[in-house]
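These notes are about the structure you will find just below.
Note that the chains are named A, B, C, D, E and F in the order they appear, and that numbering of residues resets to 1 at the start of each chain.
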Amino acid sequence: MLEIERNVHTFLGCDRDYASSDLVLFGAPFDSTTSFRPGTRFASAAMRNESFGIETYSPYQDRDLSEIAVFDGGDLELPFGAPDAALEQIERFTDGILTDGKIPCMIGGEHLVTLGAVRAAVRKYSDLHIIHFDAHADLRMDYLGVQLSHACVLRRCHELVGDGHIHQFGVRSGDGEEFAFAKAHTHMHRFNFQGLEETVERLQGAPVYFTLDLDVLDPSDFCGTGTPEAGGVHFAELLDAVRQVMGLKPVAMDINELSPHYDQSGASTALACKLLREIMLYRLS
Amino acid sequence: MLEIERNVHTFLGCDRDYASSDLVLFGAPFDSTTSFRPGTRFASAAMRNESFGIETYSPYQDRDLSEIAVFDGGDLELPFGAPDAALEQIERFTDGILTDGKIPCMIGGEHLVTLGAVRAAVRKYSDLHIIHFDAHADLRMDYLGVQLSHACVLRRCHELVGDGHIHQFGVRSGDGEEFAFAKAHTHMHRFNFQGLEETVERLQGAPVYFTLDLDVLDPSDFCGTGTPEAGGVHFAELLDAVRQVMGLKPVAMDINELSPHYDQSGASTALACKLLREIMLYRLS
Amino acid sequence: MLEIERNVHTFLGCDRDYASSDLVLFGAPFDSTTSFRPGTRFASAAMRNESFGIETYSPYQDRDLSEIAVFDGGDLELPFGAPDAALEQIERFTDGILTDGKIPCMIGGEHLVTLGAVRAAVRKYSDLHIIHFDAHADLRMDYLGVQLSHACVLRRCHELVGDGHIHQFGVRSGDGEEFAFAKAHTHMHRFNFQGLEETVERLQGAPVYFTLDLDVLDPSDFCGTGTPEAGGVHFAELLDAVRQVMGLKPVAMDINELSPHYDQSGASTALACKLLREIMLYRLS
Amino acid sequence: MLEIERNVHTFLGCDRDYASSDLVLFGAPFDSTTSFRPGTRFASAAMRNESFGIETYSPYQDRDLSEIAVFDGGDLELPFGAPDAALEQIERFTDGILTDGKIPCMIGGEHLVTLGAVRAAVRKYSDLHIIHFDAHADLRMDYLGVQLSHACVLRRCHELVGDGHIHQFGVRSGDGEEFAFAKAHTHMHRFNFQGLEETVERLQGAPVYFTLDLDVLDPSDFCGTGTPEAGGVHFAELLDAVRQVMGLKPVAMDINELSPHYDQSGASTALACKLLREIMLYRLS
Amino acid sequence: MLEIERNVHTFLGCDRDYASSDLVLFGAPFDSTTSFRPGTRFASAAMRNESFGIETYSPYQDRDLSEIAVFDGGDLELPFGAPDAALEQIERFTDGILTDGKIPCMIGGEHLVTLGAVRAAVRKYSDLHIIHFDAHADLRMDYLGVQLSHACVLRRCHELVGDGHIHQFGVRSGDGEEFAFAKAHTHMHRFNFQGLEETVERLQGAPVYFTLDLDVLDPSDFCGTGTPEAGGVHFAELLDAVRQVMGLKPVAMDINELSPHYDQSGASTALACKLLREIMLYRLS
Amino acid sequence: MLEIERNVHTFLGCDRDYASSDLVLFGAPFDSTTSFRPGTRFASAAMRNESFGIETYSPYQDRDLSEIAVFDGGDLELPFGAPDAALEQIERFTDGILTDGKIPCMIGGEHLVTLGAVRAAVRKYSDLHIIHFDAHADLRMDYLGVQLSHACVLRRCHELVGDGHIHQFGVRSGDGEEFAFAKAHTHMHRFNFQGLEETVERLQGAPVYFTLDLDVLDPSDFCGTGTPEAGGVHFAELLDAVRQVMGLKPVAMDINELSPHYDQSGASTALACKLLREIMLYRLS
């Protein structure tokens, strides 16, 4: 009898079992509140597929994914059109990972999914800080009357972590009220990563949640997203910023808003895969 | 001073004012519960844009859109991720049109939007019958725990109109329970339009809501939809079936599930435009 | 010294020299008057490129392109935005071919290019008949004030050949006036090829120009065109109709309105190539 | 500790373990000899991904994938550019499945992969017959000097099974020699399925290998393939033909030449998924 | 009776009425002389549609579109294939706006449309200067014998405004003669914006027409154009240059050569929308 | 009799005859060993087609293609799936060009094609140096057991030219062993062109083969390639590096790994065309 197993499909080099892993990857393929162009639901599957176009070895760090222990749990099966239920499921799953002493790393999905993970993280770490890279402020009170919307996700997080605990970088879009709110309640650094060094210094030792909305990148580097916003940061800058944040050893993190179909060249998905490789290698160094 | 107005943008030849119109077009760009591939939110805008590639004249009917009175009210602004609120808004708007003695004709959006319009119609016409063209049964009790889902829309409608009031044609996909439910509670005609003639005969004089899920078409004719399902009907058959249904003078109707971006040739959108022209001309003949 | 020539690029199997050829292929890459979606300028180049995906052998006729003598002269260099000059250039080139006793076969471009070739043909054959396959009537007097427009091309031809000399098949779109004009002045057969047999019988011995607007095909077979119009004929029907027309040994012909980029699958271009192979084999049998 | 497994990814409803399965799915993502447009290497992964857009239940057969036992072993890792090695690997794997008394069902890849599976099958079943649905004859002696080419695969198979053991249907393309070869050595039925009933009757009880090149379908139904060839069969015809062939209970089979990226609508992949569902249900009924 | 109006569709936040507006947006969807890849005719419609993906608020200027008065008159209906007539229509419309004391802001279309607007502007402002951002010199005497061509538009403008009144920036493509002509007759600054500061200083108080061919941008930022030319400027540079030019309070302006379909990610259209927002805010500050 | 020739199709401005040319362009459309996403086979044809979107004049060098003598021999007809035979054919053709005292300039295809040309060059120039721009090291001993693979091409070249004769720039991907091998046997400059000046200085007078894998560019500039790798160099840097290398007057060269279909905007192909123009002008200055 042949000894073969059912087809296992994980992100490149992330094939450890759960028990022995330090970091747990999982997908949150949800985009029901996306108001402009949907499609982030396809991100985690696309990243698993396309990860085989990159290498496990990083010439930036001279390290290899084979040297770290990552488990890929696949995608949560989230109910479209029901943000409440979806967030609850994300929260529960993240909570389990944290309880088991591992680092959850969620692949969105739209940015709203962050709220589920932050809810779990803030329960464990009451003094949680959030480092937020994004083109958009995401600080609206509501969007067309809806409070559980991608456009409000950091506002909802603010309700959990409070003033001065959200550190935003790269923001270059929002309405006037969001920028006003930021002035009063968050640390917002517009357009780029100026101030990141100081932030990282200040947060030494604090529990940090890192949420990376990939549209912080300039659309020339990353057009595979629903709301491309000119004037963003470039890959090298982002890689360096990520390196700094990972030095803080975040307790949980996510990478979101890749909408792979909008970049038919595949370059956006490839970039996201490469970035995730670097993030995991930095985090577990 | 130049006398020019702000840019008005309607479906081809549908530029009457509201008061003098017999039929009211409007878009319901909502696809938050779409479980597979989203994008129907773009349908109504695409149809308005692309309608200028067809003619106002129908050689099938030897009539012209200029001979009938249609108002295009544009798109409702529906909150993504909040099906309850979206349906309520659709219901209220449809109700207003019906109250004014006009025929609402909604362009979806995913199929769930039908529920809002049916709620309004059934309030006015307690004995409402629904004629439903679709590749999918849409009769699930819930989908991943969600009851307000595109996959459940006819089941929700059944709760409003009861046994024997739903007449389904062209269905070729669903789970076993849906087909079992249909056997007991609806008139389901699988694969094609066999039985339509009898249905139309039987429903003479009854108030009819007509809901046309365009994926009833074979993907060769219409691939611009989220869940293309081989083995469908062809344009000529559908045109003839639509002609028969319009003979019943439906009190309200919708056309849904065009997801224009999946057909980059534009043929699906063009077909939908042509079909809508024929529907309106038949309805107001 | 290597003996190699500059890169020659012809339609598959059409590599004879001019003098020894019976039929002369050439491209007329012009689409300046296209009113909806441009792109037919790319058709002739795309057909040459993609022709290598089909075979030189026809199982329909059990004959091979190697058995006939066809020259491919490449594309005319037509000035965009100057229909007058472009048509003159087409007319002059076609005239030369006809004078040399060969059969011109032009690949459009938009349908307007037909006018240039017809002008040349009618000068040589005063009793010229035109067989016209098309989804659109193309019989407008003018289009937005312009008389040299694709939408008017058969009307312009009518001014050259007169009543009863235009035989239209497959037409399913136009404005009311065009259909009225057709009733009075042309032989129009709507929707399909009914009546073609009689037409062919009647035209035995007459000089015939054959113009094939590929959008006569249903968009399911051929979506690579600027104005896809549902309800057309299918490949097998068209192939049979073409066979009948070729029995008349047309003195000149064209095939137009392929807009290759709108069908990213390449199936439309492949179909056009196959059809052209069959046309040439039938014509020179 | 959470009890979760690494991400398993199989074709819809094919999640049995190997030992308890009757049929074994596997992918052979190889397209190195494709001479026109490559891309079939992506077929098996695309089909797994997109299979979740269809249902496990078949209204054609009133049966469900949950009622049969299918194992999905994932994809072989075949070396690009080395057809010899790739075929050997396919042969070895197929041989193992046959030895274990199960039915191999391979998802290509280009058509050449069939040769590996046929080699294994003919070793076990010396009187093997091959039923071959295809637009192309695939009977060349060599292609640009290469004998292990997709264009020669049935010729190579003929060398294994001999005269009268290959039954070809739907063929509408090839060079003159291939059609001549077919006349002398295979049972070729051009253009459609005429003669299939007799073939099936004649082959009752014989061991049959079924190879389905999906380009036998008309490009209107299936444009997601490297060499779309107009004039093919339609889905309903193919489904019926497949049903007949499955009545013979083939000992091994494959489905090949889906090149998913050429059909950006996804309809071709969806059709292939649906067809595979029906094939498996018919085979194990 | 419901009180609803026909669907008004304007660029984001530009919904004032004509009389009360300071700036008048309108589209000139014309691309008949485009010699390479057409499609700019779709730009103005695409920009209106996609403008809803950006915000009305500018974090660069801390101002909002709601603070300024802009009217969007929709698109002119220009006759394809008739550049003379099209230009005349543009000229007449622009003239009306200027006469009413407002600032015309035209969205092309190919670059030729600029000529119509410049004709109107030069009639009102005899000493008109033109600031021209472009990858291409556009200074040919004729193109394939045609003088009214996109490739000649600045040469035609030169005939109207004379030596020393055209200020070109970012030019990196053209034939040798164009660069020679520029040396003698215009102020050409190749590759980037060096010299802009001095130009702006020098033109203080002069009437200025600003024409922005978006292909001045590097294709990495803006690939949605017919002739992408590597080596261009980046968004931040262009934004700064635009800011400087707007300080001169141009009397009329245009933004052209977006061909939205060539950038399927939508990033080019989004960038054009954002840029237009900034231009209008700077102009009316 | 008209005097017209069969359609000649060369890269823009490269229409000299062979005997009088200094440089010989030819295509090597082969991608059978491509392990991730195929399609480079389309590069040379796409570049010929799209070259007409650029100018013959270079504003960077103030020179014109009309001033140099280049012959375009079209594409070799290489057998897919047979790397041995393909490389032999490339080697023979390159050898002929070198023997005739001309400079071969090959357009790939995948990077493996370089091996054929290097084999010919090293036979004539025993002390050959290779300058290699690439995102990938291409130094594997084998790839899935295959030694003639794109991933091994520089390793195969190393077997021909020996230690210290390969100069790599821009490399940012590979496995750990490749980077280790490079340390011991080649001059590898990671990420960018640092060290190029010194390399060029050192190689004055030596025979140089220049191989340019276009994926050395950042995907923002060039996404039309099978394996886009973030973090690359930009056009201006590459142009300057190419200028330096051309100062060495390479005896042979190639440009490879454009996969045009992955960049539907055409910007990658346009960039490759422009770069090739500059390379040829620099080389023959």
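Everything that follows uses one rule, which is that contacts are C-beta pairs under 8 Å (C-beta built on N, C-alpha and C of every residue); 3 or more make two chains touch, one makes a residue touch a chain.
Computed from a predicted model, the values in this text were never measured in an experiment.
*Asks:* Going only through chains that touch each other, what is the minimum step count from chain A to chain F?
*Replies:* Each step joins two touching chains, and the minimum needed here is 1.
*Asks:* Where the contacts of chain C and chain F overlap, which chains show up?
*Replies:* D, E
*Asks:* Same or different for chain B and chain D, where same means more than half of the interface numbers show up on both copies?
*Replies:* Under half shared, hence different.
*Asks:* Which chain lies the greatest distance away from chain D when centres are computed from Cα atoms alone?
*Replies:* Greatest centre separation from chain D goes to chain E.
*Asks:* Take the average of all CA coordinates in chain A, do the same for chain D, and state the distance between these two points in whole angstrom.
*Replies:* About 41 Å separates the centre of chain A from that of chain D.
*Asks:* Would you mind pulling out the distance in Å between where the CA atoms of chain B average out and where those of chain F do?
*Replies:* Each chain's C-alpha centroid was found; their separation is 55 Å.
*Asks:* Show the residues in chain D shared as contacts by 2 or more other chains, in ascending order.
*Replies:* In chain D, 218, 220, 263-264 touch at least two other chains.
*Asks:* Please list each pair of chains that are touching.
*Replies:* A-B, A-D, A-E, A-F, B-C, B-D, B-E, C-D, C-E, C-F, D-F, E-F
*Asks:* Please output the residues of chain D touching chain F within their complex, sorted ascending.
*Replies:* 31-35, 38-39, 41, 77-83, 85, 112, 143-146, 148-149
*Asks:* In the complex of these two chains, what residues of chain D are touching chain B?
*Replies:* Interface residues on chain D, with respect to chain B: 52-57, 59, 62, 64, 218, 220-221, 234-236, 239, 263-267, 270-271, 274-275.
*Asks:* Note which residues of chain C are touching chain B in the complex, please.
*Replies:* Residues in contact with chain B: 36-37, 171-176, 179, 190-191, 218-220, 223-224, 226-231, 262-264.
*Asks:* Any idea which chain B residues touch chain E in the complex?
*Replies:* 1-10, 15, 17-19, 45, 48-49, 71-75, 96-97, 100
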